[in-house]
Structure formats: C-alpha cells, structure tokens
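Consider the two complexes below, in which chain A is the common component and chain B and chain C are the respective partners.
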Partner chain A sequence: MADLSITSITKRFGETPVLKGVSLDVVNGEFVSLVGPSGCGKSTLLRIIAGLEAPTTGNIALGGVDVTGTRAADRNLSMVFQSYALYPHLSVGENIAVPLRMRELNGLQRLPVVGSVMPGARAHNARIASQVSRAADMLEIAALLDRKPGQLSGGQRQRVALGRALVRNPAAFLLDEPLSNLDAKLRVQTRAEIAELHRNLAATFIYVTHDQVEAMTMSDRIAVMMDGEILQCAAPDIIYEDPDDIRVAEFIGSPKINILPLERSGTDLHLFGRSLDWHVTSATPEIMQLGLRPEALHLTQHTPRLTGRVVHFENLGSEVFAQIALDDDAMRVTLRATPAQRQMLGLGAEVGLGFDTRVGLVFDARGKRLRSVEAMVDLTSEVA
Partner chain B sequence: MTRDWLKHLVLIFGAIIVLAPFYMMVSYSFKSPGEIDRGEGGFFGRQEMMIDPRCVALRQPDRADIEAARSRFPNEDDAGVQEALLTETTAACAMRPVVFNYTKAFTEAPLIRYLLNGVVVTVSIFLIQIVVALPAAYALAKLKFWGREAVFGLVLFCLLIPVHAIALPLYIMLAKLGLTNTYAALVLPWTISVFGIFLMRQFFMTVPDDLIDAARMDGMSEFAIVWRVMLPTAIPALLAFAIFSIVAHWNDYFWPRIVVTGNRDLFTPPLGLREFKGDGDGSFFGPMMATATVIVTPLIVAFLIAQRRFIEGITLSGMK
Partner chain C sequence: MAVLDADLQPLRKEENRQARTAWGLAAPALALMILILLVPVCVAIVLSFSNYALGNPGFDWVGVQNYERLFTRSTYEKMFIATFTYVVTVVPISVGLGLGAAMLVHSLGRIGDIYKTIYFLPVMATLLAMAIAWEFMLHPTIGMVNRTLAMACGTWMEAIAFFGNGCADGFPLWLRDRDYAIWVVCFIGIWQGFGFNMVLYLAGLTSVHRELYHAAEMDGARSAWERFRLVTWPALGPTTVFVVTISCIRAFQVFDTIEAFWPQGGGPNKSAYVMMFAIFEKGVQQNLIGIGSAITVLFLVFVMFLTLIQRWLVERKVHYG
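What follows is the complex of A and B.
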C-alpha cells in the first residue's frame, strides 16, 4: 500500500502526442477513476503507471520511491484487463496462483512435475494454496477453482481476474475498463462489488473507464481526461455540480448538459435576445455560454425564459426526459420532468421553461468556467 | 441429388488415384516374387509355401557339416548325406511369402535401427525448430524493436529459397566442418525453420496483447512468457507445424542421401529402401514393399489417432 504520485508525464507515439503533461497524486486507499472519451490517453496513462509503457518525460513515484525506470513486475501493482487476460491453459486456481508462484518460487521450484519435490517447494506451495483459497472465498469462486477459463461465464472470468489481482496484496490496483465486456445487469452488480472490495481492502484503486456512470458511482475522485490532459480531478459531486471546463460539464451527466449562448449588452445578460435581468459589470466578456443540466429546467407558464415545442419524449418510469425545440433558434434542449408532468409534454405541445439563477453554469467562449460572473449574477438576483 | 452423385463420383475417382500406390505397396508386401512378376494372386497372394533361394544358397552343406551329420544318416554315403541335409535346409527355408517379405525387411537391412534413426532425427529437428522458432516468432509478433519489419521481410524471403538450391553449399560447409556422416549433418541444416517462424508469428499475432501484459504484471520475464504463456496457447499451431516438420523429415530421402555416404548406422528409413534396390541378383520387390509399409505405418497410425486435431491444425481453425 502506498501513495502514488505522477509528475508531468508526457508520452508521444512517433509524432503523435498522447499525453501532454499529466500530473496526479493519489493517496493511499483512494479510489480514483480516469474517465474520458476513447483516445484521450487514459489507458496509456494507466499502462505507464503499470510500467508496461515508458513515459517520454515525467516521473512516477510509489510510496515516495521513483519507479519510472522499474519494470512492471517489480512495481508490485496488479492490473485487471478489459479482456480479463486469463491464461487459457491454466485452471482458475492456477491462474490466481501465478503471481505468487512467480514471486515466491525460484526457477527450479517452478518446473513442471519435478518442481514440487524441490527443497522448500512444499512449504511455499502450501502457503500459496491457502492464499489462493482465501482470495477465492472472498470473491465466491471457490467452487470454480478446477475449471478452465473457457468454461466460465464473463462475470466469473471477471472475478478470477480480480482474484489474480488481489492475491498478491499489491501496492495499488489498476483496472482497465474491467466491466465493459459484461452485460448491463451484471455490470451494475459487479460495480457495487468492486466498490465493496475497495472498502474491504482499503487499497489504492486506479480505475479507467469511458463510462461516466461507473466513475460517478464508485470513485472517491474522478479525473476527467481529454486530449491527453486531465481537465479536472475532484470528487464526483464537484465534477457534476461545479465543473471547471465546459468539456467536463458535457462529458459528465446523462442526458448531456444543455449549452445555450449567453450575450452581454451593457451590463445586462441576454438569452436569445431576451433579457434575463442578470446584471454584471462591463468587464465580463460579451459572448458567453450558459450550461443548464436537464434537471435545472422546469416547466412554467408565468414569464417563461425559454419557449418551445416538444419534439421527442423518453419515459423512463421514474423520470421523463423531453427534447424541446426552442422557438428562437434551431437549438434543442433536454428537460427532466416528473412522471406527473407527462400529460403536459405530449409530442408537439408548446411549453414554457424556467430555470433558477443559481444552477446555471457560465463558461467563456473557449469553455472555461466564469465563476466571477456567476457570483455577480447570484448577487444581483438576491438583491432583486 | 444428381449433383451429390457426381460429386461423390469425382471424389471416389480421386481417392482411387491417391490410394492405388498404397494398395500396390501393401499387396506386393504380401506376395511371393513369382506372383509379383506375373501380376497374379489378387491382393493377398495365394500365400503358398515358397523357398527362399538365397537362404538355401547360404546354407549349402560343406565338408564339415557332412562329417558332423554322418552319425544321423548311418546308411548313406557322402552324396546321400549331402542330399539329406539339402532337403532339411530347403524345408527350413520354406515359408509363406508374407513372412518371407517382412522377415527379409527386418533382417536383410537393420530396419529397427533405421526406424530409430528416423525417430531421433525427426524429433531432434522438431524440438530444436521449436526452441528457435517460438522466441523468434514472439519477438516478430509482439516486441517492438528497430528493424522488425526488415527482419520479418527476410523471413518471408527465406521462405522462397528452395532446399535444393542451397544443398551443395550446405554440404560443402558440413564437409569442411567434418560433420558429414553424423547425426549433426542430418539435423543441423533444418533446425531453423523459417516456415515455422512464419507460421508461429502469424498465430502469435492473434494472441491478445493483454495476455502478455498480464504475464508481465505477474512477474514473468520475456522468456518465461514464451514458454509459459505463448507455448501452451499455441498448441494447435504447433500441431500443424509438427505435421509439416515430422512428415517432411521422416520421409526425406534427398538430404540423408547426400550427407550419409557410407555409414549404414545413420541410415534413415527411406534410405533403408535402397537395400532392396535391384542389383545383379535380381529385384526384391516383396521385401522392399514390406519395408515401405513399415516406414509409412507410424505416420498413418499417428494420423488416424490424431486425425481430428491434424485437420484442425492444418486449417488453423483450432484458434480462438
């Protein structure tokens, strides 16, 4: 168990930069997700942490010791792969035992057949067997120990891969999209199990995923990566409610956040030419973007800030999402409503939308968050 | 329906063409020389008792034999004793043609020795080929290094070189090293199989990188990965390669004929067939075909036992 510290890692494949100076500190026992669209460099970063790939520049330290040049096997990290990567010719028990056998037995003791009669092998083998069965019990796969991976279902293979990772008691667990080969139901179940495993082991987990739901539900902190950079690394609720960057706001949250153009004329802010009665100083930029989560919008008849027509409608039972084409523009916004409001949201229905001042996220034209503007807006609306 | 009928007819015709030589071989190995010459006796021959003329000739009673046997034939003179002894040897040399052919095959030439040589040579070749090809194929398929594509290009290039084109230089090299007429001469030139490297490389390309990374995380060295991970996953491809390698070298006549010049102890099974080639004293088709039958039997038996896996191997469909 150790703290992990990543300092300005860059990586290029030929001429293509994949990582552009990534720094991240993970404290012992933390669950950190690396999340981002495919090609953002999250898997490469994980492989660099694992030691399977060498960074072009930058340093990795584990427990205060620089391991940048250390080979993967000597870092004492465990990795769980998307494809599970179980050895197809070994039984489940043998698969789980491999890291221990490689670490604790010498070359002679590992020989097939004669290895078990080498001096000292018996005691080692007994210890390995007990560790394997403890890991198997923890993951409830004790009944499968004699099977081959080919005879297992996806979920069972996933558990075996986890068993192989945890049996060696590593400094940190690295998980590379471990759930993406599972079906949806199993994914939800395994998600909870991995989170529970993390709590029981109190070990450091680095979890790579492109699925923001996985990241939101399991992590202590989420690092949102895009184009080879970490845009923001914070707790899930902060990432959702208080994103630094419009790309973070757009990536996290389903359905996607609504982004509307915000204009300043004088000290007044306008949305589609309509004044919002929001007052700011003239030092703020003229063109900004307003981010509104689907749940920030609500239906209203009295002085709606937006009006439009329902063009699409998704009923999820516990909630309803409606896509509304705005009158003023070709733009569509998504509204989250309660099932009780369903009859107001028939296809083609004209609706008015309002939103609370406080929940709007203001970004500049390049996508950086403008917290100063929001503070001014909050202040003026309180006065009003 | 008619299409099926036609298909079967064509296939049966092809099967006959392929099987006819084997039929002849096995049939001749059963028949007496007279039946072979006259082309009669069906498949098994009539299996009438025949007398081996060479056996009789070799056991002609000499003076000492006649003296020794005199007590057994008290009423005969020398010529009578000789006559009696001749009758005895003739009776002793009488046997069924099938027995004659197969005992000849094993006694006239040290066929057991040849078969053992064949096993030693083919197994050594195959094992060393694997020892060379597997790490090479792994490096070509899964490791990134400068010039990898060029090296793989060379491997492909070497596939185009016919054995016969380099036989002479190889022979001269072995001769200069004083290695002709040794097992080394039979084995060494074949130990690096570019075909094996190519075949295994193509197979290793299909092995997921994750598996290799997992092995690295588990603490395996690159060599351990080759032997502990790649080898077991590559069994189907290895089987396919084993067919090509073992069949080719078990049946090879050309190369052993070149490098084994005098020493009969090193003869491989196909060279053993030469023992019965027609010399001054006539042809020995019966024993020769018996030898040929004995030589091909191990391969055919092995094929029948492993038929399903063989076909899997050849079509490379056994892979995931």
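What follows is the complex of A and C.
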C-alpha cells in the first residue's frame, strides 16, 4: 500500500501524441477512476502506471520511490484486464496462484512434478494454497477452483481475474474496464461488489472506464480525460455539479447536459433574444454558453423562458425524460420530469420551460467555465 | 394410447426418411473411401501372408513367414535401426528448430518476411534436385564441405580431435561412410523440414493473446523463459501435437533423399536402408509383393499408432481454447 504520484507524463506513439502532460496524485486507499471517451489515452495512462508501457517523458512514484525505470514485474501492482487474460490451460485455483508462485517459489520449485519435492517447496505450497482459498472465499468462487477458464461464464471469469489480482498484497490495484464484457445486470451487481471490495481491502484502486455511471457510483475521485489530458479530477458530486470545462459537463451526466447559446448586450444577458434579468459587467465576453442539466429545467406556464414542442419521450418508471424541440432554434433540450407530469408531455404537446438562473453553468465560447459570471447572478437576485 | 401411436407414426416415418437421405448423401464419400483406402489396405494385409509376385499365375500361402523374416534377418534389423534413428533424430530437432525460428521471426517486424521465405525455400524445392546439389557438396575430395573443413588444417583448430584426425587421415567420406551416411540424411531431412514446422508454428503464434503476456509480466514472470512456460508453450499445445504428428509421419516416409543418393541399395552397408526404401526395393524392384506388403502393413501400424497417440493427447492433455 502506497501513495501513487504521476508527474507530467507524456506519451507519443510515433508522431501521434497520446498523453500531453498528465499529472495525478492518488493517496493511499483512494479509489480513482480514469474516465473518458475511447482514444482519450486513459488505458495508455494505466499501462504506463503498470509499467507495461514506458512514458516518453515524466515520472511515476510509488510510495515516494521513483519507479519510472522499474519493470512491471517489480512494481508490486496488480492489474485486472478487460479480456481478463486468464491462462486458459490452468485451472481457476492455479490461475489465482500464479502471482504467488512466480514471486515466492524459485525456478526449481516451480518445475512440474519434481518441483513439489524441492527443499522448502512444501511450506511455500501450503501457504499459497491457503492464500488462494482465502481469495476464493472472498469472491465466492471456492466451488470453481478446479474448473478451467473455458468452462466459466463471463462473470465468473471476471471474479477469477479479480482473485488473481487480490491474492497478494499489491501497492495498488489497476483495473482496465473490467466490467465492459459483462451484461447490464451483472455489471450493476459487480459494480457494487468492487466498491465493497475496495472498502474491505482499503487499498488503492485505479479504475479505467468509458462508462461515466461506473465512475460516478464507485469512485472517491474521478479524473475526466479527453484528448490526452486530465480536464478535471475531483469527487463525483463536484464533477457533476461544478465542472471546470464544458467537455466534462457534457461527458458526465446521462442524459447529456443541455447547452444553450448565451449572449451579452450591454450589461444584460439574453437567451434567444429574451432577457434573463441577469446583470453582468461589461468585461464579460459577448458570446457564452449556458449549461442546464435536465433536472434544472421545469415545466411552467407562467412566463416561460423557453417554449417548444415535445418530440420524444422516454418513460423510465421513476422518472421521465422528454426531448423538446425549441421554437426559437432547431435545438433540442432534454427535460427531466416526474411521472405525475406525464400527461402534460404527450408527443407534439406545446410546453413552456423555466429554470432557476442560479443553477445554470456558464462557459465561454471555448468551453472554459466562467464562475465569475455565475457569481453575478446571485448579486442580481439579491438586489431584486 | 392409440392416439399417441397415430401421432408418432408420421414422426417415425420422417425420421427414417431423414436417415435414408443422410446415408444417401454420405454414400459417394463412403464408397470412395472403401475403394481407394480400405480395399488396398485389406489387399496388402492379405498379400502379406502370401508369396505372390506380379505376373505369377498363382501363389501359395506362407503364413507369418514374411513377418518372421522381418524380425529375424539382419537386413531388416538394419532397416528398423535406420528408420528409427532417422525419426528419433529428425522429429525433435526439426520441431525444436521450427519453434525457435518461428519465435524469432514472429518477434521481427517486416524483415521477418524475408527470413520466412528463406527458411521455407527448402520445403518448396524439389528434393531430388537438392539431393544432387548436396551430393556435390559432400563429395569426399572435390566437395565444398570437406574443402572448407580442410581450411582449418594447420591452425589451432587441429587441437580438436575431429580436425586433427581429418587433417591426418582425410575427412569423412560422408555419403560413402556407413557411420556418417544416416546422419547426413538426417541433417538434410531437418534442413528440408523445419521450415514447414516454422510456418505451422507461426500460424499458432498469431493466436496467442497479447494481453496474456502483459498479465504474465504483472504476475511477476520476469524472464523470457518464464513467459514462454506460462503463456506461449501452453497456447501452442494444439499446434505442437499437430506438428509432431506430421513430422513423425513425414520422417517415417523418408524416401527420395535415399533413392537419390543410393539408388542401388540404401546406403553403405545398408546403413540408410529406411522402411519406405525397403518397400520400394522389395515390392517394386524385386517384385517380392509378399514381403513388400508385410513391411507396408508394419509401416501402417506405426503410423496408425502415432495417429492414435495424437488423438489421445488431443482429447486428454492439450487445451484447446
């Protein structure tokens, strides 16, 4: 168990830069998710942490010791692969035992048949067997120990891969999209189990995923990566409620956040030409973007800020999402409503939408968050 | 009950009809197999108990006399020694070299293709033509091999016994020497055959999951040998069973090198008198169909035995995944 610190890592594959200076500090026992769309470099970063790939520049330190030049086998990290990477010719028990056999037995003791009669092998083997059964009990796969990976279901293989990772005591666990090959139901269940495992082991977890739901539900902190950079690294609620960048706001949250064009004329902010009673200084840019989460919008008949027509409707039981084509623009916004409001949201129904300007997220034209502009709305409403 | 039977009747008819169609469809293949495989084998077995010769109006049954000869006469003892020496030498070395070459070629990028072609060339070449080239090279006095060896004379290498004796009494006669002849044939067999094994292993290597090597590294497999033991070798299990079986059968079948080198009798003092050549000599050249058939039957038994071992290994030990 150790702190992990990544300092300005860059990585190029030939001429293509994959990572452009990534820095991240993970404290002991933390669960950090690396999340981003495919091709953002998150898996490459994980493989650099593991030591399977060498960074072009930058440093990795584990527990204060620089391990940039240390090979993967000597870093004392465990990894769970997306394909599970189980050895197909070994049984489940033998698969889980591999990391222990490789580290604790010498070459002679590992020989088939004669290995077990080598001096010292008996004690080692007994210890390995007890550690394997402990790991198997923890993951409830004790009944499967004699089977081959080919005879297991996807979920069981996933557990074996986890078992192989946690059978020894690594400095950190690295997980590379471990749930992406499971079906939806199993994914939800395993998600909870991995989170629980993390609490029980109190070990450092680095978890790579493209699924923002996994990141949101399991992590202490989420690092949102895009185009080879970490855009923001913070707790899930901060990432959701207080994103630094429009790309973070758009990536996290399902359905996606609504982005509307915001214009300044004089000291007044306008949305589709209508004033928002939001006074700002003349130093703010003229063109900005307003981000509104689906739950920030509400249905209203009284002086709606937006009007439109329902074009699509998704009933999830506990909540309802409606896509509304705005009258002012070809744009669509998504609204979250309660099941009670369903009858107002028939297809083609004309609706008016309102929102509280205080929950809006303001970004500049290039997507950077403008917290100073948001601060001015509070002043305005206090004056009013 | 009656209702049930009435329901089942058409079902049974349907099943019968399907079975007839199946047999009908399999019939051509079955007929061919019986005609060109099983009948000749049976004929060979029958003839192996006779003294039949082509052109004779009749023949006598001689019982197991042909087989008795096979196991008592010194010519056939030499035949077994030559055949098994060849198989036991060529199979492991050509499989090992094939695997080694495949792994080296696999680790290269584009240059690997050049090596692939070079190693595969002897497989494609006509062995008869190659044998003539080898015969020239191995000629005791004007051959390239002995001339190259003679260049070591007068240098420190004479301290090595082989060169010392060679420089004093002349280098081996190779194809004319009964101690060397079979080993020369083995060498050519390996040289000619390992490229084929390499290609089979290359195909096997492409199916090894790359992430397994990363998993092995994470699990603490530090040396290339450990990664080979943990990942590559088990993954190549099915390929190895196939390669070994094919190599064994090819080794048992060795004929053309020996026919090209010694058309008159299987090497100096019959030291390279392999089974295939014996079948050819007895059955075709000397028209002794009975003894030729007996050797053929024995040959079939060996090959059958190998195939059965392969089946057993495939079903029992080797993991296909």
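Keep this in mind: the second predicted complex is superposed on the first by the 384 of 384 C-alpha atoms of A that agree within 3 Å, B and C clash if a C-alpha of one lies under 4 Å from a C-alpha of the other, contacts with A are read in each partner's own complex, and residues count from 1 in each chain.
FYI, contacts are C-beta pairs under 8 Å (C-beta built on N, C-alpha and C of every residue); 3 or more make two chains touch, one makes a residue touch a chain.
No experiment lies behind these values; they were computed from the predicted model shown.
Visitor: Once both complexes are superposed via chain A, do chain B and chain C end up clashing or fitting?
Guide: Taken together on chain A, chain C would clash with chain B, as the superposition shows.
Visitor: Tell me the contact category for A:148 with respect to chain B and chain C: first, second, both or neither.
Guide: Once the two structures are laid over each other on A, A:148 reaches chain C alone.
Visitor: Examine A:348 and indicate which partner it touches, taking first as chain B and second as chain C; both and neither are also allowed.
Guide: Neither: A:348 stays clear of chain B and chain C.
Visitor: Taking the superposition as given, does A:99 touch the first partner, chain B, the second, chain C, both, or neither?
Guide: Both: A:99 reaches chain B and chain C.
Visitor: In the superposed arrangement, does A:73 touch chain B (first), chain C (second), both or neither?
Guide: both
Visitor: Tell me which partner A:89 touches in the superposition: chain B (first), chain C (second), both or neither.
Guide: After superposition on chain A, A:89 lies in contact with both partners, chain B and chain C.
Visitor: Mind checking 58-66, 76-84 or 94-102? I need the stretch of chain B that runs into chain C in the superposition.
Guide: 94-102
Visitor: Just which bits of chain A does chain B share with chain C as contact spots?
Guide: Residues 47, 50, 52, 71-73, 77-79, 81-83, 85-90, 98-99, 102-103, 164, which sit in both footprints.
Visitor: Under the definition above, what is the set of chain C residues touching chain A in their complex?
Guide: So the residues of chain C in touch with chain A come to 209, 211-212, 214-222, 226, 230-231, 234-235, 237, 319, 321.
Visitor: Applying the document's contact rule, which stretches of chain A touch chain C when the two form their complex?
Guide: Per the stated touch rule, the residues are 47, 50-52, 71-74, 77-79, 81-83, 85-90, 98-99, 102-103, 148-150, 164.
Visitor: Enumerate the contact residues on chain B facing chain A in the complex.
Guide: Residues in contact with chain A: 208, 210-211, 213-220, 224, 229, 232-233, 235, 320.
Visitor: Which part of chain A faces chain B closely enough to touch in the complex?
Guide: The touching residues are 47, 50, 52, 71-73, 77-79, 81-90, 98-99, 102-103, 164.
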